[in-house]
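Look at the two complexes coming up: chain A is in both, with chain B in one and chain C in the other.
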Partner chain A sequence: MYFQLHRRRRGDFTSLINFFPLLRIRIGKVTGGSPLIELGAYTQLLVSYTILGGVYGLTALGLSLIWGVMKAVNWAHGDFLMLGMYVAFWTVTLLGIDPYIAAIVSFILLGLLGMMTHIIAIEPVVEKPGGHEATLLTTLGISVILESLALILWSPSPRSYYNSYKNTFLEVLGVRTSVAEAIAFMISIISIVAVDQFLRRVRIGKAIRAVSQNPIGARVVGIDVPRIRLMTFGLGVALAGMAGVLVSTFYPNIRPLAGSVWDIASYVVVIFAGLGTIYGVIFAGILIGILEGLGTIIFSNAFRQILVYAVFLMILLLRPQGLFGKALRRV
Partner chain B sequence: MSFMNAKAWILAIVLLIVGLVVGYFAAGPGQVKTVTTTTTVTETVGVTTQPTKTTPAKRVEIKVGVLLPLSGDSALIGQEDLRGIQLAALHINQSKYPNIRFTIKLVIADTQTKQDVGVTELRRLDQEGVVAVIGAYNSAVTYPTAAEAERIGLPYVDPEAISDKITAQGWKYVFRTCANASKYAYDTLWAMADIAKANGVDVKSIKSVALIYENSDFGVFTTNGLKKYLNMFFPNAEIVYEESYPAEEVTSMDDMVAKLKTKNPDLVFHVAYLKDAVLFVQTMKKLGWSPKAYVGAGAAGQARVEFIQQLGSYANYGYTQTEWLPDFLNSKVLSKWAWIDQDFNRIYGRSMVGSSALNYVGTYVLAVAIQKALDSGADPGDLKAFRNAVRDALETTKIPAGELPLMPWGVDLTVPNHQNPEAIVAMAQILNERLRVVWPLEFAPVKAVFPAPS
Partner chain C sequence: MRLMMKLTLSVALLIVGAALPLFVDELTISILMQAYLWAFLAMSWDVIGGYGGQFSLGHAAFLALGAYTSTILLQSYNISPWIGMWAAGLIAGGAGALVGIASLRLRGPFFALGTIAFAELVELLLLYFKEITGGPLGILITKSGPENMLFNTQTPYYYLTLTLAIAGILFLRWFESSKFGIGLIAVREDEEAAEGVGINVYRTKVIGATISAFLTGIGGTIYAQWMHFIRPDILVKLDYSTQIAAIDVVGGAGTPYGGLIGALVLVPLSLYLNALFGGMIAGLSVILYGVVLLIMVVLAPGGIYGLVRGKLRGGRKGGK
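After this line comes the complex of A and B, so read on.
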């Protein structure tokens, strides 16, 4: 059905050729029609999808941290992101504060919520036999509870708040972007560098890395592993909360199920990047953003996920440790 | 071996209790409605308006089923629909319409925006002994529930779901008072052609259009209608770009707008929900491109007040279909219905919107038919016979424009497919961050701006 529609559209068969301008110039008369997009628009789209990819990196950062350190998949990641969006909505609309201050508020609140969640639902099961599977299930339960609570408290009605950042645009060398997207991208980069430096230079960060690499060894050298896990989960959720606020500054969809749009992308980013690679997350995010862009530019919107998941499958087959992860050596 | 320590057991029990409590409430208002099926409208909202003294001492009470998405994804609109139905029932019970001389008892059921729940609830309404059903907003839910009503022999009035296929089956018990998706598309083009002409633009000069739509039934059917009727109104127009997308998943529309910018169509028709409509306009502004007219077809995302709230002045000059706006009441023909909106305002603190107005009208039409059935001597005590009498009455219902509350159109259900051919969908333009009716021209208090200033 789709292909029939697709064929009827003029110019779409030429879209692949149009994507390579040199090729099109050579056989321009044969292909006919106008190019799918203007040449200048390629730069624009490259920048747009790089920015989007950077934001994917930020939304995946907290997930990567928890997954990498605790080897636990946080199924409620998208819901914490959604809570961050609501924190932005309520603080901006009720208190009238700037959404970027709301990001700090969200970081703190969600961090505390994350630690509370860890104490109640993660720590009691994480060290039990089959603990990783149990964690997956408890976080799934948390996800259902958070979504249901959000539906009860705030209704399924989508919300958003007006902010001048998303309606103000920057133009550099003919490439335009909204201030909100540009700031989100910059904060993504800064957050990733900050988390990396925190893990490398700060004592607790080093302890987190130690637990990530060898929890038993870390315990032997006196690291309080449960405390480190608590801090890691809190930090991961805090980052999700902050990402939620930043997404809400340019993405007009605050509602109880809004997190699901971003958490799927986050899981893909983490697997693309490989577990435990902080910088890898940003590169994987940008790669996915660009792949989505390529899918839509060359083919159509229906292809955006196809291209991403095709590459995703290839990576799983050829490099299961992810693009930036280290392979485990068989001894 | 210790299977689990006491602390973990306590935690598990606490979580279970929390889960049960949350689950109970998360089931939404529908479950509560199921219990309180006998709640009458006068009991629900009657406190705000006193019944008139002309109410007869004893009037027949007729049970009408209301099937709406009161929880789930479409809960917000479902609740707005319910407000319209409840107000209509209230007015009927207060004898505001002298031609209707019975009282309505609404039996409310929640589809939870799910097809299977909708069908189950319809069966429950049947068992409750309702004489007819009104609903169910979502086309995807209306279609199977209407099919079930047809099987049961229960009259079913669809005041808002627009999928063409609902009235294309030749069902005997199913009636639609609003326009269908094809008519929405037809009216979109009709409106834009009229608006172009009124602004001195020759419709033949419109050479290119683009069709952007979300890829569910709503977007697909409306767009099919646009394709079908395009050249009837714009003879030289060619579809230069067409793209669909999944509304729930889309995170960026840069590619679509970039492609549009290259094709530079004169008109862009966009069938969208709220989020994607906002994202699209934001992206058009970001990439610095706009067509002569950006038209929201299907009266969905762009018709929502949040569309303007989120975009601010960037929403200006965009067009959107709308079923009803208070602007209608400024016209001579419709000003006599202002009291309905005033009552709505008294109860809910704001004017009606398209959803509530359509459902008000649907309830009114059903009530007219029920009265006809009563006048024919049918006995409400014999449910099966009375349902058939209501069906027969619906099939002969014809209300001319001007006599139908709120709307500038009339109702004619005497046509073979029971699809009201007289319903039209108005066009509004956002001017000074406010939705204003600009078509039909005789009901437009302001003149449309066409083409939009770049």
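After this line comes the complex of A and C, so read on.
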């Protein structure tokens, strides 16, 4: 079924429609009453999508970093996220540790994997003419390999692990969220602030910024540019791995093709945010979350993605530097 | 002398290509037929992606628009695809013009992402307008007969796509030395300089994208007629967009032969691998496909054509 040719399910956005089975059941219980309750349901929906948007921000962070520093598109981003989900699954079920400790494990493991990927697929091509396009294709190859490996090793059927955070709910002013979602949202914001501080204050972080602003100048002042690229790619993938664990705590659908749901969302967030902004991704993520929520409320579940893409294309055309980005020079 | 050699080689290859169905089995014919079709799609992509340097990852949208246009014309209005394919090309070309306009503002990876979003939007719209497109179920072609471009065996499709692939090569050969083609290459190399020597960058990019999409739309019609049914989720997929681009890049982008070489390597490879390992270990063929893609892009940036030409000319790097 999954393997006619190399048809992967990357563009398969129908899976997004089934994105929130939990959410729909919750709304289903509330709606159908008085208009006031329906208003409550809408607030609920918006809050849920805002939280989702925050996590979008985290999933996009690694992509944005890599893109900003080496102008390379990491096509396998969603697949690293998927691997993060599996790291969570295996560590939690086999070792019985807390999923939030698994996030650290995943950060380290995926960071190492990211560096390996960089050595194989990015560094050999990134500086050649047409290198941006070449990275698109090499990371596509990596993505194909990772997805297939995951399918062979872990079968296409979805898995989930028991965690108590998912089943515990917070209720604030009549709006309910699961503890897992709330923590994921908070960790997303904390990580984004942490990465921003890392880039501002730590020596390596400063070097990363220097390379992203002017690779030649950075080399002149003695920065080992290939090494910085290696570390950036590792960090970007590590963040994807961590995001994968966080997603797996509230989105109980761990399967080899799960990355596809997230990676195009990440690209949208990166474009929305624009290059060279770290805080931009969180705002852009939340904005897209809200946009999806509004699309669902005003139109229908199917139309919400149309709305997101239409707005995305409009922003791309009217403001290619993104909402929060600085004006672009020639890429 | 060189010309004579080239001519003899071309004629020989042509005869081999035309006579092949007499000697091989139906499966091989089918595989080669798919390779030719993908070659044509890759060559269509080459116009804007290779010669124009605009790395589109949304060509599946044009493929789908072409396939839907001709199929709707056939199923609802009884218009033969032989005529419908031109309408398909026009509709896809119109969409291509939009993408061309977008390419004026978006550069590099941004353009690639814009085209992905465009393709996703097309897929969502195809799903949304159920009355016309059949929604997620798609459209099944219920007609038959050669007048509707529908055949019972693979051989007619083989000749159809072979013709298409040869036409594609001849077109690109003419295109790359035409005034417009040279202008497009100039725009790829340096937009400002091209503008400086009096090339209208705006017009060149938009027309380039339109031609590319027009050809892809025609390819979409052939694809639909061969498949006998169309569905948004099998047509407008990123896989198809990336596959079209990957074939051309592996073969050699910006050359008339890159598309055919890439398709003849990658398409049979993936199909044979799938047939070999498909039953036993589902993912293995796909892994090998990924590995081949990775190795090719890393080791042969000019594609196979560039590699071979570089070797022939004594180690000089070929390519774009």
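In this text, the second predicted complex is superposed on the first by the 290 of 331 C-alpha atoms of A that agree within 3 Å, B and C clash if a C-alpha of one lies under 4 Å from a C-alpha of the other, contacts with A are read in each partner's own complex, and residues count from 1 in each chain.
Rule of thumb we're sticking to: a residue touches a chain if its C-beta (ideal position, glycine included) is under 8 Å from a C-beta of that chain, and two chains touch if they have at least 3 such contacts.
Keep in mind it's a predicted model, so treat the numbers as computed, not measured.
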Check your understanding: A:E292 contacts which: chain B (first), chain C (second), both, neither?
Key -> first
Practice item. Quick one: classify A:I101 as touching chain B (first), chain C (second), both or neither. Key: neither
Review point. Thinking of the overlay built on chain A, is A:A310 touched by chain B (first), by chain C (second), by both, or by neither?
Key: second
Exercise for review: Would you sort A:I120 into first (chain B), second (chain C), both or neither based on which partner it touches?
Suggested key: both
Practice item. Using the superposition on chain A described above, determine whether A:V225 touches chain B (first), chain C (second), both, or neither. Key: neither
Exercise for review: Using the touch definition from the top, say if A:F169 reaches chain B (first), chain C (second), both or neither.
Suggested key: first
Practice item. Name the contact category of A:H132: first (chain B only), second (chain C only), both, or neither. Key: second
Check your understanding: Now for A:S160: first (chain B), second (chain C), both, or neither, which partner does it touch?
Key -> first
Check your understanding: With the two structures laid over each other on chain A, which partner does A:N253 touch: chain B (first), chain C (second), both, or neither?
Key -> first
Check your understanding: Which chain A residues contact chain B in one complex and chain C in the other?
Key -> 5, 10, 120-121, 124-125, 141, 144-145, 148-149, 151-152, 302, 305
Practice item. Enumerate the contact residues on chain C facing chain A in the complex. Key: 55, 57, 60, 102, 105-110, 112-114, 116-121, 123-125, 127-128, 136, 233-234, 236-239, 242-243, 245-246, 249, 270-271, 274, 278, 281-287, 289-291, 293-294, 297-298, 301, 320
Review point. Contact residues on chain A for chain C in the complex?
Key: 2-8, 10-14, 67, 71, 73, 120-121, 124-125, 128-130, 132-134, 136-138, 140-145, 147-149, 151-152, 264, 267-268, 271, 302-303, 305-306, 309-310, 312-313, 316-317, 320, 328, 330-331
Practice item. Flag every residue of chain A that touches chain B in the complex, lowest number first. Key: 5, 9-10, 34-38, 41, 44-45, 48-49, 52, 120-121, 124-125, 141, 144-145, 148-149, 151-152, 155-160, 162, 166-167, 169, 176-178, 250-253, 261-262, 265, 292-293, 296-297, 300-302, 305
Check your understanding: Which of the residues in chain B come into contact with chain A in the complex?
Key -> 7-8, 11, 14-15, 18-19, 22-23, 25-26, 28, 71-76, 215, 240-246, 248-252, 254-256, 258-259, 261-263, 274-275, 278-279, 282, 285-288, 306, 309-312, 314
